[in-house]
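Dropping the structures in below, format is structure tokens.
Look for subunit A in each of the two complexes below; its partner is subunit B in the first and subunit C in the second.
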Partner chain A sequence: MNAAIDPTLKLLIVDDSNIVRRRVERSQRFDRLRLVGSAANGVEALALFSRTDPDVVTMDLTMPQMDGIECIRRMVAVKPSVRILVISALADKATAIEAMACGANGFLNKPFTERQLNEALAELLR
Partner chain B sequence: MSPAVPLDRRTALLIAIGVLLAAALGTALGTGFRLATRLREDIAAVQTASTLQAYPRELLREVSGLRERLEVRAYVGRSLATLRGSTHDFGVRLRALAAIDHDPAQLASVQRRWRGYRDELAPVLGFRGEPYVDSDAAATRLSGDGHRLYARIERARLYALANARGFDADLATVTRGLQSSASAAATRLRLLLLGGVLAALVLAAIAAWLLLSRARHARAAQEARERTRDILRTVREGFFLLDADHRIGPVWSDALGRMFGREDFAGLDFRNLLAGLVPEPTIATALKYVDLLWGERANENLMKTINPLSQVEVKSTDPLNPEPRYLQFDFHRVTGAHGVKYVLCSVVDVTSNVALARELQESQVGANAQLDMLIGMTRTDPLQLASFLDTADAGLKLVNAILREPARSDADFRRKLGGLMRELHTLKGEAGALELRGVADRLHALESRVSACESRPALSGDDFLPIVAKLDELVEYLRGIREIGARLARTDAEPAASPADAIAPILEAAAARLAQDHHKALRVECSGFDAIPRPLAKPLKDCLVHLVRNAAVHGIEDPDLRRTRSKSDVGLVRTRFARTADGYELTVEDDGAGIAPDAVKAAAVRAGLITEAEAAAMDTRAAIALIFRAGFSTMSEVSLGAGRGVGMDVVARTIHALGGRIGVATSPGKYTRFKIHLPAAADAAAAVA
Partner chain C sequence: MLHERELKVFVDGTTHFFEVAAEQPASIGSPYLMGEPLALHEYSGVIEVSGRREGVVCFTAPKTMLAVMLMKMHETDFGHETMRDLVGEVANTISGNARRNFGNDFRISPPHVLCGDTPPIEPRPGARTFVIPIHWRSHSAKLVVALS
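Right, the complex of A and B next:
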């Protein structure tokens, strides 16, 4: 088998809650995704990002050390083709819109159902 | 009809057809002109040729004439001149024909013959001498020149004679050739004209078809525009398009006008549309959201949840309906061949949906309360519950009866209110004791209504209407509980115990709840209740609930105060039932603050039960007895537990009804003890009550 043809996209999960991390990992959309790392804060996330070069990132906004918006900004600057789904509690819409303006592709509100997560990932990978 | 062909392509097609038409006509006209010229030349040539045909014979005639003149020695000068002219004419015409004729082969033969002719004639025509010699001896005879001339003429005549037929045939051939050429040119001209006309007709037909289809297309477009207009006029949603500068496009649905109370949408800035209706920060966020749609990255479906205008409260612009409305804005990308063309915004009035959602939430809260109630019920002993429901039923019947009593004067109304208060208060106490919070809350609300009535200066029958309404609601609620209780009882049936057994748990539960509500610690001790005769169980239970509540609320001090009085933190309420020689005795004693006669007097004065003077004249015993009077309360703050001044009078009335008596002994700061004596016949009295 040719190793260069890899049908799966590399996924990086950034969230300080391991419950959320596990839920994303369990999503049915994983037939097209391959987990390459998970980070609990922005600094860790950026380090993993440059090492693993993921195609898809799920991103929490409120994290210790570096906030999600800054993290998104830097990731998009490094790799403009990366697809980022913000998964965060919608405290105020202005912050969410700011995250989108910085280059995120979509937003999923916490708490979310299994179905909502699946639909959001499917939409992101379309 | 093919409306798929765009208008500009049709126009280009029309122009191409026009150019083709012009080219075809130009070519036809040019060719026609050339053909016509040729035809004219051919006709002229035919004429020339037919003229020429006559010449050889004419020349022969003239030459013959010349010979005859020479023979008769006539004058030949004129004839020679004529022959010269004819010869010259022939040469000129033949040259002209040669210039026109397109078939030189035919003419060549003529020209050859003519050259021979001309050569033969040349010496004749060039003759300048004198042909005759006049002599007197003989008649005029030919001179030497004359003989030569004659010989020349004779040669020329013979040549002409020999060639006359050939000339004729050759010229006839030339003429026929020219005629057929002219005829061919005429045919070609006719065909050309026919072709030109046909081509023009075809092109004109295509042009007409195109124009017609363009008109049809324009009509269809007009119709489509009208239909779009109809949709926009009828649709209930507000629709408009936003450009990259947030300006509203020239088309919008009429509903938008109704929603915003304006019509000047064309070119209006989206910010100005929202200004005054929505807070400024929301507008700024909304514009940022719309800008995301113009970008490449954001996924439209994955940003719906963060739409800041998904449900906005909008101040009403309608003076008749000042209630705020709720609008829902939705934004969609409209893309063309070169990315996003504009953003379609739809606005829906969701006021009724919001109201519905609220109602749903309220009913959810109600359902939760019912669930709480249900859980409360499952914790309650079914017997106690049944007993309470019976009591409540009877109590509410009594309340109903009180409400129905005829009343005319203000005093009658007030007496009615007093009766209502007592009944409601009793029920509330029991409901509280059973932790039927929903019932207790409703009874409290009902009590508040009654209380509000009491404080009115003048009462009338109408004032009771809200009470009746609340009462109906409560009866309905209790019926629900009874039904649930009946179902629970069916699933969880236990053999009926003595009703007296239920009293102690009721009191303990009531004490626990009151302790919690009033931040006190207390304990109830019950003894001898198993000796309570069945008929007395209910009235005594009612009395005990009141007495324990009074002890808990008024008697037992809060733990801090108790500590300063060197008492245990936990207050104690002791209840004891016992048979005596002549009947029964029920004691309720608390180790609380006791009853302060002066406080009782002051409260009675405040409640308007006695005057200041009466209070001053009253001794301690009489003062304490005031607590059994209807409408008495020592609590300044009305609470759910006690304090409305009903309770003790209910106890007193109940005991009196049973033929018993109630006594109170108290020591301020130390204790209060109620002692109830019932005659042996009290159970019989209760059984018939």
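Right, the complex of A and C next:
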């Protein structure tokens, strides 16, 4: 398919929890998002990022090997237009501010309902 | 000594997970002080706390309870890794809630998961260890808060 006429945005899911990755994969917003990859840690995520060039990333913060904040920094350095939704249980203000300062565009607390996820993704895509 | 409001933060973090992720609130039983070693259920998520308090917080649950929670979460994989994942996520939520409420006074480790035949939790010397039963549907888990 020609990327220029593809109406969907490419989605990369980054989370060390299989359950969370699958929940995001099932998101109803998939009419606008096309899954291009899932990663369980920051290192894997960066490799997939350069291979798949996603437009949207959902990002956990606490992960083995490389944490989400560092991963966001590196992704934004490569592609400043990427839209990143942080999905994390670390919902204190300082963490949220740090993530946003590094280039994240939204923050969703874990645990989340399907509705909260869809609303957060809709906000991100607006 | 651990204050009641501090204990409540850990309890609220646990019940919040059930209410949001498993779409049905959990109720808590009467907390009691652990006087002798406590056997863990099949899966446990543990966080270590340091700073103003020192010790561990552990959520331990039977496999049957986790399986029903996964069903409520529309999961179709009920394997060992998914069970591990789930108790890790509960512990993660407890950790996040504590961090939000206590700030930098408490340093909280990322959760680690114990499963299978693990030794019972021993009462911590010099600390009062609280056990809080967590009831959800027909199942029961335990939250153990051992902080000095």
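Definition applied: the second predicted complex is superposed on the first by the 121 of 126 C-alpha atoms of A that agree within 3 Å, B and C clash if a C-alpha of one lies under 4 Å from a C-alpha of the other, contacts with A are read in each partner's own complex, and residues count from 1 in each chain.
Quick note on the criterion: a residue touches a chain if its C-beta (ideal position, glycine included) is under 8 Å from a C-beta of that chain, and two chains touch if they have at least 3 such contacts.
Nothing here was measured: the structure is a model prediction, and the numbers come from that model.
> On subunit A, do subunit B and subunit C fit together or clash when superposed?
Result for subunit B and subunit C: fit.
> Based on the superposed arrangement, let me know which partner A:L90 touches: subunit B (first), subunit C (second), both, or neither?
Touch status of A:L90: both partners.
> Just to be sure I read the superposition right, which of the two partners does A:N18 touch: subunit B = first, subunit C = second, or both, or neither?
Only subunit C; A:N18 stays clear of subunit B.
> Angle subunit B-subunit A-subunit C between C-alpha centres, in steps of 10 degrees?
80
> Just to be sure I read the superposition right, which of the two partners does A:N109 touch: subunit B = first, subunit C = second, or both, or neither?
Both subunit B and subunit C are touched by A:N109.
> Touch check for A:R26: first (subunit B), second (subunit C), both, or neither?
In the superposition, A:R26 touches subunit C alone.
> Touch test for A:V56: subunit B only (first), subunit C only (second), both, or neither?
The answer is neither, since A:V56 touches no partner chain.
> Does subunit B (first) or subunit C (second) touch A:M100, or do both, or does neither?
First partner only, subunit B.
> Smallest separation in Å between any Cα of subunit B and any Cα of subunit C in the superposed model?
6
> So which bits of subunit A does subunit B touch that subunit C touches too?
Common to the two interfaces on subunit A: residues 90, 94, 109.
> Please output the residues of subunit A touching subunit B within their complex, sorted ascending.
Subunit A reaches subunit B through residues 76, 85, 90, 93-94, 96-98, 100-101, 103-109, 120, 123-124.
> Under the touch definition given earlier, write down the residues of subunit C that touch subunit A in their complex.
16-17, 20-21, 23, 70, 73-75, 77, 81-82, 85-86, 88-89, 92-93, 95-97, 99-100, 103, 110
> Taking the complex as given, what residues does subunit A use to touch subunit C?
Interface residues on subunit A, with respect to subunit C: 17-20, 22-23, 26, 62, 88-92, 94-95, 109-113.
> What does subunit B use to touch subunit A in their complex?
281, 284-285, 288-289, 291-292, 295, 297-299, 301-303, 305-308
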